[in-house]
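In what follows, structures are represented as structure tokens.
Below, chain A partners chain B and then partners chain C, in two separate complexes.
And now, the complex of A and B:
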């Protein structure tokens, strides 16, 4: 076995091809959001959320009769997320290690996380033998937005659409975000110190974890204020 | 088991109270007895089989391949397959995504390094068998399997053996494809005993009332208010800390105190679980005889 295996290889000094823009742009977040509800006519509730070039459209159908099971004592909830074609998904990776996002898996993790959130928010017991479906469409995405930040936007969009749909919910939920170079966290609050869901990639569990939750809570309180203001304005304008 | 409304409310009341009583009279921080065997699949580098008393079992295999890469996150691939579920179902995809993300974020890639340019690439294939027949009609989900799967992955990674490298480890100057010894007796452990690095584990806890339940059983899951999966690695809580839907039923929000309690519970139970898994690894397996 003294064959020279070196000839199987190319020249020793080759380097892999690297494109100039392959690095994701630095993350910056502009908290300004634009909200509109009721744009889609044929569903029970819908919302349009725009934040810094990210556009998310949510539509909610239900309660509709459910024929899939013999008997349901409460509504079954379904969440579907659609990421439009040609979205810049490079930054929807984990922020520290460069995990290439497989689109299908990305959607599945978003869907299952949102399901756990909204199951605790909607009063499913009030709708026996029915199903409620939430459709989220990410139409445009700011390439600088990370997965967790996009998740926050999606959840807020769905919360507003839920109010628009008139389904029984516990409260207006709003999701706060806290991010730095080495960690990100999104916490969905339904009220003061009431957590509906948490997504965090903290590696250390110490004071910084607590302060990150504080940041999320502040962010969520601020957002809820804005959302409530908008909804109130919309409700009074109708009359 | 499909539970009636009355049964659910009975279980909920007994779990949510101050002195909670679980359906199988466990303590809140107690696991169900698990059985596990490792290195029983002959044609892969490492393997394990873990089973729950309710019959669900999880077979994990680790296979290694030599690749030349600079992209370290490519080195681990995870694929979860659940019996009776399509490959592209949300359950399979999100379990795979979660395990893969957790492993990549808490992995010491030095153990996979062969030379300056070559690495071992790992394929972790997970198969979940004997899913209860009433799964479609009950309100539990199978996300609680995360904890079983992560234990299977832990055992499979720790029992994985790699062939001994016979060529040089320094190929910065002169390129050479790595070559290995033919003799499997000389194989080295993927994670050497003296290595400080340990694979991570994911624990699934259920939250109900002001209680944190470790390793919820399927009938407990139907009444839980919310669920969390929490990563644990070498005495510390690590990413992911994430909500998971353990049932399709109505849930409730939880407060920060409960979140802290859940994290502390996992920190406490982590070490005993690791010790139990280590003792399984240390029991000698008669390679084919005892199992088949």
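And now, the complex of A and C:
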């Protein structure tokens, strides 16, 4: 038997707690967000985002020297998402398949989506021979929040942390969300109407797809206003 | 033609010097009666303990939706200075006869414990995992492993949790107790797990983690458990094995019983000697301590360079734990001073600092 001696895991033959069915969580979302930057000291930039009891903490480390390769002309970017142990993941299921996803696969797909988003947003070529790491920790998760809605929160949290870190970015990204009973979509916009990434469960590109993008854009513009307002207020308060 | 070689002194800002010559920086500060963290020698950082309120049964007005789902049974947030620790507690169920044997045997085989300890104890503990956020991923590092194990051992030996407190009283769905005749032959207990996430680490974090763990345990509520309809009996020759589906009630629960008198708060001190050889400014020389200086709650790179550490846990009146690292040259007086400071600090934290949530 393989024992992981680095972690204090406890006995092997335990049964997980099975809870009796309780009332389903209310499926409403409160769009109010609480943002705070710079709470974590030992990193380049950090943000704390709270939306309707979902708590996401982002910390950005870098640019740090990168010794993995002999030479790279631009910074290597790494994104790690960590869903805190014991979080209820039931609601993070895919809209089409009604199964609770495997945690590791879920994290991997979130990470790769965010990596492609932020690779084109951060001016990596300004940081040769270095590495930039983004750590996202989901500390608490509102059971009513779906995967796509959580993704929106995570991306917005990272955007604000990026500004706090002072890394060169092309613009402040903001992610909008549109959800209906059949389809969900999150679109990440940089400034000037540019789409950084789309996460959706649409199979056909029909009218509803177009209208979902429009809804996302409206949401994103609204959010950008809020984020810019907060950052401006923070910047002027410093002086 | 004569050339004179001249040496220009290099000047470093404190944060750079802390990295290249932590001992020199520390001595420079100590000579003028200060610490690199700008606190007094015996000054602790303020501690704030609050509920995280994300547990399943921790119903409160503000957190409506987040309670009632998931398997978090207790939670807490503890802040000390800028450093924050978030602790979540969860559990699992284990058959009594199996837990001890299996856990014990694997650990024994792997040389994690020796056969003297962990036999027939009435104490239980929490399997703890500590994560210190510092911009790296992968397996836990040395410090995290050490703290996790130390927390487990501390809780275990302090007797804070009785094994009996984790015993499951099986019942019917609803409220009635199960009749004696229908009780299964095996008995079950809860196993507790904890994860502690630490943000903005500035110095040794054991004290903070211990505080977060204990505060979360005080908020922990254990679910009521009943046997679901299904029951299978498997008979292989004469050996009969019973299997039950154990289900936790969605709403009904009771608080985890702790031995409150075993509650303590831990304080870590560094012990450092004033080095008279480090060049100093005569005019600025303010401190006239002979011997060693006790620094409460180390913080920052220069202070972490101190190798002699004394950790004292106390509940304000009685001493419940003591560990000394790098003990060479630690005198009775130093220990006495550490006990005194630690017990005063514990008294303050346990009585007024918000432990009563």
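Criterion: the second predicted complex is superposed on the first by the 211 of 239 C-alpha atoms of A that agree within 3 Å, B and C clash if a C-alpha of one lies under 4 Å from a C-alpha of the other, contacts with A are read in each partner's own complex, and residues count from 1 in each chain.
Assume contacts are C-beta pairs under 8 Å (C-beta built on N, C-alpha and C of every residue); 3 or more make two chains touch, one makes a residue touch a chain.
All values derive from a computational prediction rather than experimental measurement.
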item	value
Partner chain in contact with A:207 - chain B first, chain C second, else both or neither	neither
First (chain B), second (chain C), both or neither touched by A:137	second
Chain B versus chain C as contact partner of A:197, first or second or both or neither	first
Partner chain in contact with A:16 - chain B first, chain C second, else both or neither	both
Touching both chain B and chain C, residues of chain A	1, 5-6, 8-9, 12, 16
Chain B-facing residues of chain A, complex	1, 5-6, 8-9, 12, 16, 69-70, 73-74, 76-77, 94, 96-100, 102, 104-109, 111-113, 115-117, 119-121, 123-125, 170, 189-191, 193-205, 213
Footprint of chain A on chain C - complex, ascending	52, 54, 56, 63, 65-66, 68-72, 82, 84, 86, 88, 90-95, 98-99, 102-103, 106-107, 110, 112, 127-129, 133-135, 137, 139-140, 145, 148-149, 152, 173, 191, 193, 195, 197, 199-202, 223, 245-251
Contacting residues of chain A [partner chain C, same complex]	1, 3, 5-23, 25-26, 39-43, 52-53, 57, 59, 61, 64, 80, 84-88, 90, 133, 135, 137, 139-144
Sites on chain B touched by chain A in the complex	5, 70-74, 88, 90-94, 96-98, 100-101, 104-106, 137, 143, 173-177, 179, 225-228, 236-245, 247-256, 259, 263, 267
